[in-house]
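Shown below is the structure under consideration.
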Amino acid sequence: MMMTQGPWMLALSASPKWLESLVERLFAYLPAWLTSSLAPTEVADFIVWPLIQIGVMLVVVLTAVAYLTLAERKVSAWIQVRVGPNRTGPLGLLQPAADGIKLLIKEDVIPFKADKTVFTLAPIISMVCAFIVLAVLPYGPHYASITNINIGLLFILSVSSVGVLGIILGGWASNSKYPLLGALRSSAQMVSYEAAIGLTIVSALIFTRTFSMQGIVEAQRSLGIWFVLFLFPSFIVFLISVVAETNRAPFDLAEAESELVGGFHTEYSGFRFSIFFIAEYANMVVVSAIGATLYLGGWYVPGMDWVAARLPEAYREAALTLMGVTAFAIKCGAILYLFIWMRWTFPRYRYDQLMELGWKWLMPAALANIALTATIFIVGKELGLVRSAGGVLQMDWQGKLFFTLAGLLSMFPILALLNAINRNSKSFNLRAQRTTIPVSTRKVKLSPGVKAA
Amino acid sequence: MNAIPLVTHHTETLFDSEQMVLSMGPQHPSTHGVLRVILKLDGERVVDLDCDIGYLHRGAEKIFENRLYPMIAPYFDRLDYIAAVSNGLLYVETVEKAMGLEVPPRAQYLRVILTELNRLSSHLLWLATHALDIGGFTVFLYAFREREEILKIFENFFGARLTCHAFRIGGMTYDAYPEFEAQVRAFCDLFPKRLEEYETLLNENRIWLGRTVGIGIISAEDAISLGLTGAPLRGSGVDYDVRKTDPYECYADLEFDIPIGENGDTFDRYLVRMEEMRQSRRIIMQALDRLPDGPVMGKVPKVIRVPAGEVYHSIEGPKGELGLYLVSDGGTKPYRLRMRPASFVNLGALRKMAVGSLVSDVVAVIGSLDIVLGEIDR
Amino acid sequence: MSDETKPAPEGQPSAADAEREAKVAAAKAKAAAAKAAGESVAAPAESAPAQATPTDADKEAKIAAAKAKAAAAKAAREAAGDGGDAPKPAPAKAPAKAAAKAPAKKEVAPAYAEIKDDAFIAALRASFQDDIKEAVTSNGQQIVRVVPERARDLLWYLRYDAAIRFDMLTDVTAAHYPERKAFEVVYQLYSIPENRRLRVKAELPEDQPIYTVSDIWTAANWLEREAYDMFGIVFEGHPDLRRILLPEGWVGFPLRKEYPVEYRHNEWVAENLNILEIPEGADLTGKFD
Amino acid sequence: MLLVGWEAVFFWMLTLVALFAAVFTVSARNPVHCALFLISTLIAKGALFLLLRAEFVAGAQILVYVGGILVLFLFVLMLVNTRSEVENPFNRQDKVGAFIAALVGLAILGAVTYTQQRGGFFKTKPSADRMAIENAKPDPNAPAGVISADTETLGVTLYTRAVLPFEIASVLLLMAIVGSVLLARDRRQEETYD
Amino acid sequence: MMTFLALAASWAARQASEPSLMERYVQGLKEVDASKFLVLSAIIFSLGMGGVLIRRNIIVIFMSVELMLSAANLNFIAFARYWQTQGGLYAYNGHVMTIFVIVVAAAEAALGLGLLLALYRNRETIAADEINLLKW
């Protein structure tokens, strides 16, 4: 993250006079014990600059999450041939603000015998876990991502597994039968699908060869190709289990109104409910960011370096960052659109079908995928198509072609395996169970009054 | 099965009680109206089920015995408030049959067109709420968009969207408004494309199949002995449609078919109703082409006295066979007027279909039976 | 009541005879009549001057109709008068029945005409001799009256061993006749293969139970529970005979004739809806504050 | 192995959190609160591992321990949460138990401080160049993607020198799965299978 | 008596030469070495043991066992780290051992809770001291 020439130096050198005096005055405000022990450059690098980054990131991501709710309602309206919210503010753009204020004003009810501390703690846990992960995501090249710890992906997995606790405690603390059932159901679902996500990420690590998020993007940048081509089946398994992990779309059984009225957040109202609500959408954003980084090349777009090379020296860095951030945003948006699209077209799974899909379909697919990708990689290494120099892969076009083909072809053995596993499971091979699904039923031409057949 | 104690929320831990009594109460989102289903659960599986109805009981049959014949007609729109037109038709036809009145042909054709339109709007509402219970929110909004077209036509014709009332004993009060035929024809041209939209969303949808195929299966013999009528009966493969076996109005000379299912599960009932919608549209088109002109009100005496005797008359309502048993003593008020509601008998079959399945299947089966509480509780 | 005479009737189709062989034949006749009427009405409209209002043709038709109606009303009143003292056990019947289509002769078909020439009914009577009190038809529908004790056997026979299998029980209901202190339990049967309806009625004294048929047709389970709920008829052998529509503790059976229609003070209502004691003579127009 | 400066500050903060939560894990009345405090101790320990440059183990600890085992604990707690616990969480021999535990604790502490006093074997300072390697700032120009030394070497040792225990662990886990499935069967399923 | 005085004098001399208690205390605060980790894990271990011995609820006993196991983990990693800075061989044994401890803890938790559920189903209670009959 540290540039030879601190990013703030770059900013300072190009900035007008009044800005420098402002920085000096700001510098004076910092507490004495903080600045005394560190050299000025260190202070700038380790305190001022991260604060600025965190501030920008929070503002950007929070508005993104807020407007995601609006986007969901607009897209669902568009799917259902109606017009989404357009009353509040120009074109309905202030709708998230309106929702926020409404939820703030609403009275915050705590059920009678509920466990106060745990009741208030639950939404906080799930929201904090959703937001910690934002620090690690690679929004853009060097200093557009806040930190670059070298176990980025493992960190994200462990934090999201702690997120499950928020839901369990939320359900348990509201001390009534329906939320408890909802909490048990959704936590069991999240735990089992998290295992599936972990396995798909393992199969992706074979090519990325590092946990750190920036490292993954660098790997795809150095190869000049997105990993979705090499790891196509694992990308599909990742998408499905990610949708299930965030309790959305066809898997949103936790808050299935038709059976358990409201699921684990039945008893929550007012501000606490909005925290759960924001946590769910933040989880969605985080998960789509991981998908974008791991499979769709994070902020890297193939033609990027070529364009940056054309620009004059001073603007190269800024242009790279701009392109990176927009590419990342577009990819996340694409995956989020998929989330929303899925939600409004598919009906809901039943609970046992949902668990069966998790354990008998996605888990074996992920395991088989790891084995297949590993063998393909070894074969590629033997054939000399891929060399690893200093921890980063090098591949020429034959290697890329070979791995892409292998990636796509490995879909079929996996499907064969899944078919073998689920041959006799009743609810899913519907074709075999129903010889013909009679779309047009047998029409009986009964002449009036004559005895029926 | 003996009577299940109504309210037993005693278990505080989930684990120790072998069976948990869950009451899908009168105000549950997926029971269509004020129906309370008491489920005895073993974990997720339904061990026993008892329907607690009567929340909407208005003592209709008692009121009928104290009202003059013309005054009873509006009550019938409030019984099955989703298919008000066909209820009205049932009552009016029964009295005409008892008195032997002749309804002018134009009134007959108009009545058939309006009842079939009402069947379409009732089936669309069924599709909407059925899909909503299983999670398909988009189908809900598509179906209501079409239903809105029909309700506009009703509003122009009857002046009311839900409790429509224009059928009088002996014919109809007012004739069709000028643009009636044009609007109905426009709707009929538009409707097949919209049906395709629903079917692309649902027929090949793996999750929809997973939730409806093989759920709430009922065999043909059980269906007949349970007295099921309408789509649930035809879904199990029994060819029984009152419009064909005992034609009334002018159904005798209209060409239409009856869809028959094979396996009697929720998916077959869904297919049967979708096909019925197509057939209704076909009926409407034929009836529009042959709409004769002439008076819409037959010869009816000032004071309507039904001659002594009794009559049982039934029509094919959207929910099943609606029957009316009229015993008259020659006076101006019916001695006994008993309505045989289709959803009341169909709901009786819920226990046989849903016991042994999961909680979310009970919701799907209730949706596929298409019950209306106004008609059940009378 | 009688059909209006048309200004230019072309060969009125002969009225369907009293005992219609196949209901559907009547329906076809009616449909034919409808078509004929359609043309006839259309004919005079064309013949009348296109633009001139066709009122004069209608005016004559109206006058004729009014006269015919007056005559019919007078006939109906006389019939009601002499019908009152009919000795027949069936309820007071006004014989006037507008079956006759022929304008001139007013031939009144009796409400309940004896079934004579039906093979199936004859076979039925043969096998049940005196238990079937009578087999009549009303408004073209066949009714069989049976002694309540043998009702279940007759229904079993009709369901399983009869020539025409009535496999569907459409309805079980009852009617209360206080003057004879009896209920009439009505079973509406329908045979899907033969497409034929039959109504079996059993006249049951008020306090005497009748045997259930819910083991023959499962549909009867809920229908009998409703009959019990509304009339208090006890169906012996019913697996779960308890009120279905009214709340558990409700006192009284609403559909009995002596049960008054307007609001009356009732234990369940007082206990559960805690409506205060109503002072005598208070007007019950909905003011319960 | 000296944590100096900011690392020391973090170390002391984390030890406070860990100790505080450990005490409450043992003494909380409501079992769910015990679980929550246990979770906080484990997370504090995970952070301590990071200080000790053991990144992979820190991640694994939180992922498996907190995300897996404690979720299981909460599951079971919710299934059988009896109210009786709230009255007196401690059993009859609570005095004796506390005394024994304190005794053992003191014994271990004595051993540790004793070795510390006698010129304990921790005293020896690591060689100068070793220290330089340890506390060197990360080289700014190194490609960001290089895998952290810790995870790589751990992976290698796990699959080369520690293969036998690795296989034994997998067999152990298999046995645990089969055992828990067998235990979780209720009467009805048992009849059908036996 | 003389020897005692001589001892005291040498002790005082040594004390004077060495840095005062206060400095050593501050020095200890600043420089955190492996022994501090050992002390922390010892305390947590004894707390866990106390929990096991004192608590009634079996689940909380399980949790205290987990506490003891995690204290052991801390020791492993502390020693691994120390050995690593001494440039010793096989510094990663500590990490590997910790992973195996976590695996064992997971297996133990799964089976233990399974047994607990079976026990609960039969005896309706999970208080440790109520389960005292060998044959129920």
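We just call them A, B, C, D and E in the order they show up, numbering each chain from 1.
One rule holds for everything that comes next: a residue touches a chain if its C-beta (ideal position, glycine included) is under 8 Å from a C-beta of that chain, and two chains touch if they have at least 3 such contacts.
As the structure is a computational prediction, the values presented were derived from the model and not from experiment.
By number of C-beta pairs in contact, B-C leads when B-C and A-D are compared. Distances between chain centres, each the mean of the C-alpha atoms, put E farthest from chain C. Centroids of chain A and chain C (each the mean of its C-alpha atoms) stand 68 Å apart. Inter-chain centre distance (chain C to chain E, centres taken as mean C-alpha positions): 90 Å. The distance from the centre of chain B to the centre of chain E, each centre being the mean of the chain's C-alpha atoms, comes to 72 Å.
If you average the Cα atoms of chain A and of chain D, the two centres end up 28 Å apart. Along chain B, residues 14-15, 239-240, 245-247, 252 each make contact with two or more other chains. Looking at chain C, one finds that residues 23-24, 27-28, 192, 195 touch two or more other chains.
Shared contact sites, meaning residues of chain A that touch two or more other chains, fall at 180, 184, 448-449, 452. By the touch rule above, chain D contacts chain E in their complex via residues 1-4, 7-8, 11-12, 15, 18-19, 22-23, 25-26, 31, 34-35, 38, 41-42, 45, 48-49, 52-54, 56-57, 60-61, 64-65, 68-69, 72-73, 76-77, 79-80, 82, 84-85, 88-94, 96-98, 100-102, 104-105, 108-109, 112-113, 115-116, 120, 122, 124, 126-127, 130-131, 134, 150, 153-154, 157-158, 161-162, 165, 169, 172-173, 175-177, 179-180, 183-184, 186.
Taken in their complex, chain E has these residues touching chain D: 29-40, 42-51, 53-57, 59-60, 62-64, 66-67, 70, 73-74, 77-78, 80-82, 84-87, 90-96, 98-100, 102-111, 113-118, 120-121, 125-129.
Those residues of chain B whose C-beta lies close enough to touch chain C in the complex are 1-3, 53-54, 57, 59, 61-63, 65-66, 97-106, 108, 222, 224-229, 238-240, 245-248, 250, 252-253, 292-295, 299, 301-303, 305, 307-312, 314, 321, 323, 325, 327, 329-330, 335-336, 338, 340, 344-345, 347-348, 352, 377-378. Within the complex formed with chain A, the chain B residues making contact are 9, 14, 28-30, 44, 131-138, 141-142, 145, 199, 201, 203, 205-211, 213-214, 239-241, 244-247, 251-252, 257-263, 267-268, 271-272, 275, 358-361, 363.
Residues of chain A touching chain D in their complex: 2-4, 37, 115, 117-118, 121, 148-151, 154-155, 157-159, 161-162, 164-165, 168-169, 171-172, 180, 183-184, 187-188, 191, 194, 198, 209-212, 214-216, 218-219, 390-392.
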